[in-house]
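Please find the structures below.
Okay, so chain A shows up in both of these, paired with chain B first and chain C after.
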Partner chain A sequence: MSVPITRTSWFPAVLSFGTIFATMLLVELFIRFGLINRFIVPLPTDIMAALPRVIIEEQVFSRFLLTAAEAFSASILVTIFGVAGGALLYRFRLLREATETWVAAVAAAPLVLIYPLYLVIFGRNATTIVVMGFTAGLAPVMLKTLEGLAGTRRVLIDVGRSFNLTPWQQFWKILFPAALPTIFVGMRLGLIFALINIVGVEFLINFGGLGQLINELAERYDLAGTYAAISFVILISINVFILTEWLERWLRPVE
Partner chain B sequence: MFMGSIECTESGMAVATALTAVESSGSAAGGAILAVDNITKRFETSEAAIIAVDGVSLSVAHGEFVGVIGPSGCGKSTLFNIIGGLLDGYEGTVKVAGDLVRGPHPAIGMIFQEESTFPWRTVIDNVAFPLEIVGIAKGERYERAKHFVSLVGLDGFERRYPAELSGGMRQRVSMARTLAAQPKILLMDEPFAALDEQTRLLLGDKVLQIQQELKQTTLLITHNITEAVQLSDRILVMTYRPGKLKRMIKIDLPRPRSSEIVSSEAFGRYVAQIWSDLREEASRGLHADEAAKLKQGGQS
Partner chain C sequence: MTLPAAAPRRLQPVTMLRIAIIVVTLASWEALSASGLLYRDVVPSLLAIGKALFNLLTVPDMPVEINLSMFGLQGATKIPTIYWHLYVTFYEIAIGLLIGGLSGLVAGIALGSSRLLREAYEPLLYYLGPCPKIIFFPVMIMWFGVGPGSKVAMGAISCFFPVALNMAGGMREIDRVLIRVGRSFRANTWQMVTKIYLPAMRHPMINGIRIGLGVCLIGTLLAETKLSNSGVGFLVNQAYSLFNMPLMYALLIVLFVIAIGANALIGKLGGLDDIKRR
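Up next is the complex of A and B:
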């Protein structure tokens, strides 16, 4: 008996790319028939045609490396301080009760508005951008770490207790691995928030990286180039997301 | 220690704990490795204090298999957690080979009712866990863990993750992990409660085989009469809340046993005898539950 096409392993991927292609085709048609103003949204075919030009002529690779270095630095900080912060909130109940609402509020706040303050403190340099990325990514990692640790099944903690584990062993051998899937959800969110804010601040302060590229292309009114650069950033975000998924699968092979 | 006094249940009915003779003549009287003396545990609630366990005393001799059976809500799991050192704030004492238990004790291994394998570890890594904790080198701990994996009949599954196993296999992994720590006393809290009856009987066979091989002292907490009779040398019947020991029944079924024994006449007699003791307690529990639900409904 043959498997229905919707149940095949490749169908979701085909559907996903097919949807993107269909949307682009629709936008292309809307623009060509004058339903969308082409001076606001360029033709998708023009955006695709501009992509190689932007990559070659606008030194995308070196700009990408700068943004990647900033994002990597912010990610390391987000991971270290986010996981440690979440673990502290889990460990100290009073601290959790006193601050959890605030941390949640920070996660929902438009933190990019704080960049003028960072400009004053750190100056117009990469440190401001890294700290901005760190600020944006910290709260989701903290909250998800807390959620993961607090959600560890009681029986697993009891198993650890029955084997007389020290608090340190209890954390590293049981709580942390049990919470890892939830921590990864937080890390994925945190890293994407950090990347968005990094590119955003690069754009706002016109300092290097892919954000500055988008700013420059927009100021030149190179619409197709601007959209191509934005698409490039989206592709990178998707890849970061996939990378963290692979990393999680590597750390937790079967669940 | 659990010397046949007359106790009164809440319903006012005198329950003769006609146990003295059996207890003193039984295997527990001599070299008791586990001695639980007059344990009482109260839980404070907003309305009143609930006595979960009330003056429970019992002893288990080396190599003996003792079952504790009672209806839901009789404090079996509370007793399990107290003996395992996971619960404090109780009256009375628990001693292992004369050593007072003040917290989790290395001589006691616990198998929990809930599925408790570590999903991020393979079968062999799960079983080697207690050996890893005490710092045994990787090669040696894998060697030892393999022995216990084999003992519970999971050869060939060493590199599998718990998610790739059935419920019964996962419980066997938990059992192997606890046995790998080589505890003097194995404490089991309804380990097969989540499994179907057939798997439960077959796993009972496995437990009997292991107990036979290791001469493992075991205390089994359960609400399943068949399981208790199939496995135990002695069965202690508990009353519904407050949980007291009501009766001790010595199971004189031949060993080595297997699940085939459930079809024997003697087995049926033991089951009937225990049910007659449990029935009153179980129905008290049921009525108490219904009354509590009715009260909750009235308040909401």
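Up next is the complex of A and C:
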């Protein structure tokens, strides 16, 4: 029995990439026939040609390393303070009841808007960017840590008690391992929030790595270069998200 | 028979702790402000911030022309500047949310109703969704100019992805029985959307709009801080440029109150609290 072509596993991927290719082809034709202003939208072929130039001449690799270092620093801070904060809220029930809604409200607030404040406090340097990433990623990690610890199965806690574990042992031997998959979901969220804010603030304050690159090229009115740099940042972001997803799956126990 | 005297109301421990945290935070702020450990004026006194907030919201310093001839109102008056900038920002956010939300709604329904479309295009949305949207701002400026158009576009792009992904997820979770009922009544596509899909997806839709509003707000305001001559983002940037720290804190307080309030309001109107309680 033959399988319809739309049911085959490769057809959606072909359709997806085909659509992107067809859109680029249409844009190319529209620009060449003068239907789209080439001073607003550059030719897709020019963008592709600009990509190697941007990568080599604009030191994309060192910029990428700078952004990655900022994201890594912010992630370390977010993990340490977020997990500790979540554990603190779990340990002290009264504190949790008093502040959990506040933490959730902070997670929903447009925190990135305080970047001018950080500029004043820390100056126009990498510290501002790292602290901004840390601020944005902290609340999700705290909330997910709390969720993970609070969701530990009762039977595991009772096993710990039956072995007369101290509170410290109970945390490290029972609660923390049980909550680890959820904590990692929170860390992934925190990293994504941090990365978004880091690239965003780099762009806004014209300092740092990949975000600054886009801003510089736009200010030089290097249209093809700007579009190429944006495409490059999108590719990097997508790869980071895929990597974190892969790590999360690897860490999660088989359900 | 006399009723027993009502026992004096005691504060709950949670409320007491909340009050204590607020008091300690404010006292620490004031102490830090007075100590001069940070640069002068970076941490202004609470009084200065309160005064700036009061002036921001009440002192009329911007002349406006009123021309409501149908109500017999004509003339000139003054209003606090913040209200004009809030109006500009709200206008940009509202239009951005409308465009991004509606296109997200249509895309989400299309993705959720077809397995092929979902497998082909949902991964694109899923991975593009978390990318920092502010990087598209130079392109939006080229396409829509430096005026409100580019801010509206930023808001629309920002909120499109969460709305579309939530709608697509919501579509997949609709009870198949409801869809079969609709089909057995020979409902056309429009009737299926308005009578079956949308009512059944109320909660994912409200959730998507709630997240969409949050990111739309961020996208619009960040665009305003980058390049604008009106809007609250512009005011924040202006306060930074003039090093008017009390005003900057006052503006941030106004923004956070509005953002958190709008988020809570949409959640309440959409009945998200009821789901959590169930």
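Criterion: the second predicted complex is superposed on the first by the 189 of 255 C-alpha atoms of A that agree within 3 Å, B and C clash if a C-alpha of one lies under 4 Å from a C-alpha of the other, contacts with A are read in each partner's own complex, and residues count from 1 in each chain.
We take it that contacts are C-beta pairs under 8 Å (C-beta built on N, C-alpha and C of every residue); 3 or more make two chains touch, one makes a residue touch a chain.
Bear in mind that the values here come from a model prediction, so they are computed numbers and not experimental data.
Number of chain A residues touched is higher for C, counting chain B against chain C. Legend: residue contacts after superposition of the two complexes on their common chain; A:F203 is shown touching chain C, with no touch to chain B.
In the superposition on chain A, A:D158 makes contact with chain B only, while chain C stays out of contact range.
When the two structures are aligned on the shared chain, A:T23 is found in touch with neither chain B nor chain C. Legend: residue contacts after superposition of the two complexes on their common chain; A:L223 is shown touching chain C, with no touch to chain B. In the superposed model, A:I114 makes contact with chain C only, not with chain B.
Within the superposed three-chain model, A:N125 lies out of touch with both chain B and chain C [touch as defined at top]. Look at A:Q59: by the touch rule set out above, it reaches neither chain B nor chain C.
No residue of chain A contacts both chain B in one complex and chain C in the other.
Residues 6, 11-13, 15-16, 19, 40-41, 94-95, 97-99, 105, 108-110, 112-117, 119-121, 192, 195-197, 199-200, 203-204, 211, 214-215, 217-218, 223, 226-227, 230, 233-234, 237-238, 241-242 of chain A are the ones touching chain C in the complex. Of all residues in chain B, only 84-86, 103-104, 106, 108-110, 112, 114-116, 118-120, 129-130, 133, 161, 163-164, 178, 181 touch chain A in the complex they form. For chain A in complex with chain B, the residues that touch the partner chain are 153, 155-156, 158-159, 161-165, 169, 173-174, 177-178, 180, 251-255. Those residues of chain C that touch chain A in the shared complex are 13-14, 17-18, 21, 38-39, 42, 116, 119-121, 123-124, 127-128, 130-132, 134-139, 141-143, 214, 217-218, 221-222, 225-226, 233, 236-237, 239-240, 243, 245, 248-249, 252, 255-256, 259-260, 263.
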